[in-house]
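Report on the following structure.
Chains: A, B and C, in written order; residue numbering restarts at 1 for each.
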Amino acid sequence: MQHGNLVHELLSGVAPEAVPEWATILVTAVIGVSVLVGLVSVLAMFSVWLERKVSGHIQCRYGPMYVGGWHGWAQSLADGVKLLMKEDMIPLGADRVLFVLAPALVLGSIFGAMAAMPLAPGFYFADINLGVFFILGMSALTTIGVIMSGWASNSKWSLYGAMREAAQVVAYEIPLGISLLAPLMVAGTFNLLEASEAQSGWFGMKWFVFQNPFLIPAAVLFFVAALAETKRAPFDLPEAESELVAGFMTEYSGIRWSFFFMEEYAAMFLMSIVGAVFFFGGFESPFTSLAEWAFVAESGADGVVTEAAGIFELPLLYHVTAGTVLAAKALFGVFLMMWVRWTLPRVRIDQVMTMGYKYLTPLALVVVLATGFWELILS
Amino acid sequence: MDFEGIHGRLGAISAPGLSGADRPREADPEDKKDGGRAGDAFVQVEPGEIAAFLAACRDDAELAFDLLVDLTATDPDAQDERFWIGYQLLSTTHRHRLAIKVFVAKEGARVPTATAVYRAAQWHERECAEMFGITFVGHPDPRNILLPDDWAGHPLRKDYEFPTEYHGISCE
Amino acid sequence: MMIESQGKTTEPQAAGVVLSEKARTLPSGEREFMMDVRTADLEVNMGPQHPATHGVMRILIRTDGELITGAQPHLGYLHRCAEKIGENVEWLQYLPYTDRYDYLAAMNNNLGYSMAVEAMLGEEIPRRAQMLRTICAELNRIGSHLIAFGTYGLDLGAITPFLYAFREREWMMALFEKICGARLTYSYLRIGGVFNDTPPGWLGEVEHFCDVFEEKHKEYVDLLMMNHIFVKRTADIGVIPAEMALDFGLTGPMIRGSGIDFDLRRDTPYMLYGELADAGAFDVILGSGAKGALGDCWDRFYVRVMEMIESVKIIRWCLGSIEPGPVIAPLPKVLKVPAGEAYVGIENPRGELGHFVVSDGGKVARRVRVRGPSFCNLAVLEAIMPGTLLADAVAIVGSTDVVIGETDR
């Protein structure tokens, strides 16, 4: 099944014959990138606000309350403006080129990974056959940016942070990838949209975790590995503010620092999306089924609405519902990550390594094996 | 054990360098100028023998002073030729204390270090040395601890003159 | 981390590989080498501005990767000449300065200094004043241990317990604000007694605080002290054997964490503590090596956390037997202390706080010596830090619970 790009299709539909193909592709790309940048920025800002509220409520306080009026909703906006206005400082001893390049690489790679993120059935920026591995690969690129920043800062604390990041990410890429193999076997596809569709049925509850008992441990493994991959507590060793001051970000300030910050929240959201799609039903939920039944009763099984159909002839509402369901699932994942962060102490580097190599990786392999056997027996 | 008991025991084991005791006393009603002496009782020890004395206090089973609580000097008067170093010992097993006074001449004060007996003395002696200008002979790490390395003078001596500037920073 | 590989080679070949002297000939005739790929040691300044040094302290750490091979604390960044000031102000004027060295336990500092001066005055302290002193000192001990609890969690990456601890500490400070108007530097305990009597209903509020605190204390134990990650991070780390603890002159929770049954409140009784100990109003908490070796970071933390409950017990005992009466001994405004010298050591939250005062019979001290427990407790770092990881350094510094204001004075 091959999806086209929605924007591209729309553009091709309205463009006159004389406009060459590459021009529409270019315009599509520009629109896509703009929307993506906006989306990620808003998402990151929202996540920062959410983090502050969540941490506040966990810690018996309110968090931001004043900026913007309602529960300090504009706090992140104000922070963003403040960070933009800050002096752009580069330490004297730093490697200027790498120092400037590092945050750009970090943010750029997470934007790239975001491109393969589905927004709703039929709404996406890039439909890639190997979607999930594209996402993992691109988000692994951020590591290089982090190491670059640690090296370029010419600060010992930054260097420590970078070395920790390198060791940690290498260790946790493996269980992360392997634990994803289990749902991939059930789904039979690397494509996020197709994986989501594979979970339709049972009135929206045919999630992979319910299809195969071994996917529950796989989901736990994925969550732990994703925490480590996104440098979130208790695996926030590269930053480890009480040990390494701020780790690889020690020498950064202003907007460059906020790039790292945005990357962290974007990565959290991305990992949650991947987790939601491959373990917890993607777009599927009772609400989605209800919306599908109500609005797109006559459309194809792939969810892409070719002609307006359904009882109320409002297929867009189905898409909105599906997108909202996925976003809600992802945000719940983000919330879980925050919950963990504000509850647990940080583990030590050797414990991180031990856990990654000695426990998570073998466990993930066992889970994959068990999942495979289960699938074999069932089929 | 109270002070008299400890003092007697120190005499019984002939602790090296023990030269007397300084007890609080009531004011002499005959002498108007004498106000007596309040506070703690001390034993006095010869400066050269202090390390051996401390070792004897620590190792005797009845005294068992296993904790060196404090080590500091006192410069009572700028006119005096000498000042004294005070040691405070504590026994966690027998739960008694002992205060020791060691009188040393101000000029070129030299005392053997107690670090070999109690490692706790290490930082106290560093502080004492920089504040009073006492040399602790044999100290493993005789650097300043609270003051900058290039600080001139010994601030807690009564003849200390406050500097007017430090590295171009006015101190007045 | 040191990359260490073991292998059999007949000859050293790889460049950059330093062969240690562990080479030996196997029974088979082969030569076995232990290979250490060693990188250059890195000297890192932890501080003077570092989140985990609890103030402006600098520890010069030599590291081999993440492994610490040497540590040297550098003090003096907060030196405020407290002892010199003591020789230049009147007896009572010095009292506010005592607030400032261990600013987390100002009541205890007031107490130590007042008691040192009183030892020479020979003045009888009214019983109600002693009760109020005990209540305030123990409340302040709870407050100080709450900081120790919270910041230790913070050092290890658990941020939330810190705010929980501050919630109760805030209440404690509000209680102090009611009784003396200050929240941090109280100067409430005066030479001869306390500054004034309690406001109406204050003792009832303290009782309410105790009730609530005991409930909240269970949360602390569950949330942080028994947390699996926390135990893994602190057990068997920074072990101070009993002999080493004595050798370094450690006191307070540091020495009790190493299993030495010694508490100045019980063993060299002062004020009402002898009476309290006889009545069995409080126990001395000792480290037991429950989670690892005896005297590790966890044991010291355990002692602090459980001591808070003992303090609550002491406060309850005092609240039960406090009676109306005068709160300060009649002393002249301008105090003249008889000539002499006295050393008084009391149990501060961090250990033995000693005040050594020398008087020549005048209005001003000849010498005020402050024996800060943090100063002595910190000296042990040099001995226990080498061989641990960088993250453990933070755990060890946190477990000594230093207040830099006190080490530097």
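Criterion: a contact is a pair of C-beta atoms (placed from the backbone, for glycine too) under 8 Å apart; a residue touches a chain by one contact, two chains touch by 3 or more.
Just so it is clear, the structure is predicted and the values come from calculations on it, not from any experiment.
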Q.
Taking each chain's centre as the mean of its CA atoms, which one is most distant from subunit C?
A. A
Q) If you average all the Cα positions, which chain's own average lands nearest? A) C
(Q) Suppose each chain is reduced to the average of its Cα coordinates; what separation in Å results between subunit B and subunit C? (A) 25
Q: Please compute the C-alpha centroid of subunit A, do the same for subunit B, then give the distance between them in whole Å.
A: 66
Q | Chain centre separation in whole Å, for subunit C relative to subunit A (CA means) | A | 44
(Q) Among all residues of subunit A, which ones touch two or more of the remaining chains? (A) none
Q: Would you mind writing out the residues of subunit C in touch with subunit B in their complex?
A: 75-76, 79, 81, 83-84, 87, 119-122, 246-251, 255, 260-262, 267-268, 337-343, 345, 352, 354, 356, 358-361, 366-367, 369, 371, 375-376, 378-379, 383, 408-409
Q. In the complex formed with subunit A, which residues of subunit C make contact?
A. 1, 42, 44, 50-52, 65-66, 153-160, 163-164, 167, 223-224, 227, 229-230, 232-233, 389-394
Q. Okay, in this complex, where on subunit B does subunit C touch?
A. 24, 35-40, 42, 66-70, 72, 74-77, 86, 88, 90, 92, 95, 97, 99, 118-124, 131, 144-148, 155-156
Q) Tell me, which parts of subunit A touch subunit C in their complex? A) 55, 58-61, 156-157, 160, 163, 233-234, 236-237, 240-245, 342-351
